[in-house]
Amino acid sequence: MANKLLALSLFLLFSGCFASTFRQQPQQNECQFQRLNALEPDNSVKSEAGTIETWNPNNDQLRCAGVALSRCTIQRNGLRRPFYTNAPQEIYIQQGRGIFGLIFPGCRETYEEPQEQEQGQGPRPQDRHQKVEHFREGDIIAVPTGVPFWMYNNEQTPVIAITLIDTTNLDNQLDQIPRRFYLSGNQEQEFLQYQQKEGGQGQQQEGGNEGGNVLSGFNDEFLEEAFSVDREIVRNIKGKNDDREGSIVEVKEGLKVISPPTLRPRQGREEEEEEEEEEEERRGDRRRHRPHHHEEEEEEEEWSHQVRRVRRPHHHREDRNGLEETLCTLKLRHNIGQSTSPDAYNPQAGRLKTLTSLDFPILRWLGLAAEHGSIYKNAMFVPYYNVNANSILYVLNGSAWFQVVDCSGNAVFNGELNEGQVLTIPQNYAVAIKSLDDNFSYVAFKTNDIPQIAALAGLTSSIRALPLDVVAHAFNLDRDQARQLKNNNPYKFLVPPPQSQLRAVA
Amino acid sequence: MANKLLALSLFLLFSGCFASTFRQQPQQNECQFQRLNALEPDNSVKSEAGTIETWNPNNDQLRCAGVALSRCTIQRNGLRRPFYTNAPQEIYIQQGRGIFGLIFPGCRETYEEPQEQEQGQGPRPQDRHQKVEHFREGDIIAVPTGVPFWMYNNEQTPVIAITLIDTTNLDNQLDQIPRRFYLSGNQEQEFLQYQQKEGGQGQQQEGGNEGGNVLSGFNDEFLEEAFSVDREIVRNIKGKNDDREGSIVEVKEGLKVISPPTLRPRQGREEEEEEEEEEEERRGDRRRHRPHHHEEEEEEEEWSHQVRRVRRPHHHREDRNGLEETLCTLKLRHNIGQSTSPDAYNPQAGRLKTLTSLDFPILRWLGLAAEHGSIYKNAMFVPYYNVNANSILYVLNGSAWFQVVDCSGNAVFNGELNEGQVLTIPQNYAVAIKSLDDNFSYVAFKTNDIPQIAALAGLTSSIRALPLDVVAHAFNLDRDQARQLKNNNPYKFLVPPPQSQLRAVA
Amino acid sequence: MANKLLALSLFLLFSGCFASTFRQQPQQNECQFQRLNALEPDNSVKSEAGTIETWNPNNDQLRCAGVALSRCTIQRNGLRRPFYTNAPQEIYIQQGRGIFGLIFPGCRETYEEPQEQEQGQGPRPQDRHQKVEHFREGDIIAVPTGVPFWMYNNEQTPVIAITLIDTTNLDNQLDQIPRRFYLSGNQEQEFLQYQQKEGGQGQQQEGGNEGGNVLSGFNDEFLEEAFSVDREIVRNIKGKNDDREGSIVEVKEGLKVISPPTLRPRQGREEEEEEEEEEEERRGDRRRHRPHHHEEEEEEEEWSHQVRRVRRPHHHREDRNGLEETLCTLKLRHNIGQSTSPDAYNPQAGRLKTLTSLDFPILRWLGLAAEHGSIYKNAMFVPYYNVNANSILYVLNGSAWFQVVDCSGNAVFNGELNEGQVLTIPQNYAVAIKSLDDNFSYVAFKTNDIPQIAALAGLTSSIRALPLDVVAHAFNLDRDQARQLKNNNPYKFLVPPPQSQLRAVA
């Protein structure tokens, strides 16, 4: 027990600290902005069954933060073709439900079609593939560098997904240009245009510029041999027979994929969320005692009457290779939306939910985290700063007034931010938010897997943590004023609108 | 026990190796200097109760090393206003004594005024704040990125503090410009000028260029609401009512801050040092057996008759959150000055004291270390190189002759270095030092938390570790000469002056 | 036991992920190539007993990958003078046998001449030095940053060694220029020329440009005192008396160095290999049970009748400082050549052997790995990509046809690669190889200590891991074609030539 604590505490102590370090710094002077602007996508690529909009990654703010952003809208029965990216990604599901898959190289195909299940020694099953998962509004999906990802909208509501690509993450060993490698199709990858525009010399002058996927550059003979298929299939692999527009294709009859049933039919929505929370509680407890057992057991047991895992009998669990377990069965999505129980909540002010690698271990690999916030009309997020991360904030709903201040005391942003707009809050810059709408909400992507914020006002503020006399003399106040400055605001991060605010005077 | 060893050895093995890696490389070709120069501060900002001098961070040497340097002098009763910085810092106290505080976001206010102590359920104490610590000559204070820091001189002697900011540390996710974010006042941050000079386009043309703190860019209404204070206090928050010059203000009546008493009244200085050493010994022992107990217990007990810790009864110690313990109670200062027992000592040559993350764990977070050296007149530090770090050396006293040699065998520095001057010894460059004064001493900041040096001469030199025949043929010597080259110098790093030197010939 | 598993699994989980991150990214847009080229050395420096050829490190490909390459040929009795480098290195022995040494600062001289062995308390032994090791064809030797390295050819066959310097590794805190620091001689370091050519302003205009070693820039007086030797020896230290050309000198009478005997006299070559394999097996087992015991025990026992280790009695093993053990006795070489048992083998297609930090722990420190491949004529390495590393591939024998495809589907390389040529396969770019010779073989240096590849075709391909319906709709195929695409190729990475290929159709 003591050993566990030692190992764990050493681990937490140092990994917490180290967590902030897995990113490249921006080029010299790239973060010296006079002004930040509310950013909107400047390009839109239409697909058969959806649209991908992109923010210009060469924008000052995004270059300083070292990230690229896109928004993908998928219509009913739309399938986003599989692709991988040269940097880690966080995807936030703004709207809709569906299924997705990540393909981890070297992991087994653990899902197989059920009809062969009872045949014993019969012919091999019709199809096997890696894990398929459901997603829904409010989910964060974590996608590591170089891991193929696909998603599909199996409901009526269009899916809207916001993707952050952390191009300066050191997992990306290429330069900072975001690159999507599609496994199929003949569409241009959505960030290529910025490369052409900015580079002066375009990329595709020579060689066909008809677009293509990562296999379309190989010779027909190579592909024929590699796949052991005929020339016609090779043409399809290269995207030649495909006149469907873009990277989101329509599956008219609906995609037939085995995937575990959602829990919805069995229970109402609120209950589902609660159950998820409780389940996590339980897992947390159990993990402490049996840390080498993976938390997915519960889910697996739930599905086991429908889907059989290949070659993973329960009684051999102890013999497994630890590495495979951890990488192949990592949890890939976590909900932080409105429906989850928030980390901070004030019924008059709003709610906050933060997702770090402590809750969602894959984020340690990515070096990223996320925060979901809802702030009610006229309520305020007190001035604070991000201690160890840049924060890239996307407005999901409504609008709010933002102020961002640099180290010289200048407001580099002082204005409204509306639904669909993005603002970078650079590391250590001070920011305050006042909601202008009752339904204002945002998601903030943070470039550290255990991001920390430091409040400058309120119950947990840095100023409150200073000795009274230091406050008095540093701020040129008398002791009574200093006491007010330290203690008057009784709220932590979210302050209710003035009329409902209980003023506590020390 | 075996488990502990395993965990620890794995940890040491790999973290030792990894330790060197948490810094950005300099821009391309930035370390190709023909000549190094002894550097002095090129700017001085006067304050009401002190001065801050800065070295130009755009100097070749400092850009190659990826650091910025400043020297702060604080007069009696001078308070350096709280500020945080976008990169980790090491502060060496060249002279004086005083108190300081670091404000860790999320940690508790554990110091409270004592008079309320006996009242039980009475009104809440007059003031609570985070830990306040004493510092004295020879201390290294470690300040992580984004953590507010303040200091105060409560004695007669001016405090002189040398600060290294490790701007290329990956904890800094902004660009490499050093930025100080003051919580109060209206002074310009001390490194802003270099930004203006070099950038071509100044930063403060638009918006008031009256200087300011990180709160002065917010609207009055925001601040009123966030702090729940009146408009007059808001003006002070923004620094408007403050005509005191600079970031070091005078506290005429003396700062009233509860802080543990120094040990000095009880005992003489030498004893204090020794006690500190012994105490550390004891801690070391105990740590091995009860690693999740924090080493601050002893100090706490000593003070417990005067200062009560908030909500931390001894009998609940086991229940504490490990993370809070480690981050909120990390040791923040460590003495490496003349008064400490050195790691290497020769009464005819001098003394060396190195501080790494093995002794001072917070340095692991910072990725920095430090070395204090005193070399007596005509004694020599044998040629050596820094294996895994840059070394930024500041002369505290006296002067010495330095030679620095690059990979082409050119002396890029060959000259005197005097009190107050700085020289960068780039990674892997060879350096030798000959003292010109009996009181020559220096502090070297190292950009690795477990820095290693490799001697090129003496008892532990790389040449001595080569097989005799390799030395003979590599250096074109006969075997007897090679034996002399390997064995003649019986000293490790510091060689006494020739007249007193015992020549050992093999 | 559970604790060990916990510690280890936490460690593996996260360190595996982190492993990819210890390198700098290339400068902006540096990886946007239209075309890759097969690279050959563009410079050759002649030495008395050998030659050092260098690839231009300013080439696009090598800059994007952030590495430098050289090839060293050592004639019989040639000694490569000791030098250290500002970045980690992997050396592959393409041909020959010999001995080498690495000098770890702070480690003990554990090899001593045997004749003193029985004298008990007598005079100290004639010579002591750090470990000397044998190398042979197929070895990877790992050399950390700043650690001096020398090697010697004690056989008839010329030694040919390919060295990769990982200049963008964060262990290098200087800029990205490869720098060799020689401890002796007066040769110019082999990468200096590129600095002069590219920099515009040469480095050696002032100061003597006669070349030199890291000691030749010091004053004579400094060196006399530091080594306690006379002026004549000092002249040799500075390389003045040395008219032997270059950094590889001839030892006419042969180098006399105590080193453990090779195992060859006792047994045949095949047996040696097998024994090595078995020995590793055994070690692996033991390590699991007694992980703090070092694996070198066996070898030590074998040699113990000839070479006595200094101050390391077996019964004190438990008391040793863990750090010293790990760093001073790390295994430094590992064979991946033709003679080792491969990780993947198909008698009709070829063989693959990968060396990662899981097998060879020092690679964790270096952040590098390596792969050896042999592909028989007309066999194919299926299209795949490197998930988390750049791959720098050097052809050892024969020739093969390579195709490399970028994210836009363009073939940036489509041609032959011949013996002695180098090609960079950038991270995430797709590549396929078809051998043109029966003896085609290569070594690939990978910039991650646990590199992963993802096949795009074959038994373990990403496409096979996708659900059938996703494949069908993404590739615009009917279900039967999709099934063929997923399942037709029954091979993992290496596909035999078509005539011998067993076509499995689902």
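Things worth noting here:
Each chain carries a letter (A, B and C) given by its place in the written order, and its residues are counted from 1.
Convention: contacts are C-beta pairs under 8 Å (C-beta built on N, C-alpha and C of every residue); 3 or more make two chains touch, one makes a residue touch a chain.
In this text the structure is predicted, and so the values were computed from the model without any measurement.
When the CA atoms of chain A are superposed on those of chain B, the rotation angle is 120 degrees to the nearest 5.
Residue numbering shows that chain B and chain C use the same positions for less than half of their mutual interface.
With centres taken as mean Cα positions, chain C sits 37 Å from chain B. Looking at chain B, one finds that residues 3, 7-8, 22, 24, 27 touch two or more other chains. The touching residues of chain C, when paired with chain A in their complex, are 2-3, 5-10, 12-14, 16-18, 20-32, 34, 64-66, 380, 382-383, 385-390, 403, 405-412, 414, 426-428, 430, 432, 434, 447-448, 452-458, 460, 462-470, 473-477, 481, 483-486, 488-489, 495, 498, 501, 503-504. Residue ranges of chain C in contact with chain B, taken from their complex: 3-4, 7-8, 11, 15, 22, 24, 27, 79, 81-82, 84, 86, 101, 103, 105-107, 109, 111, 126-127, 129-130, 132, 144-148, 150, 152, 168-177, 179-186, 188-189, 192, 195, 199, 203-208, 211-219, 222-223, 225-229, 232-233, 236-239, 241-242, 244, 249, 251, 255-258, 291-292, 322-323, 325-327, 361, 364-365, 367.
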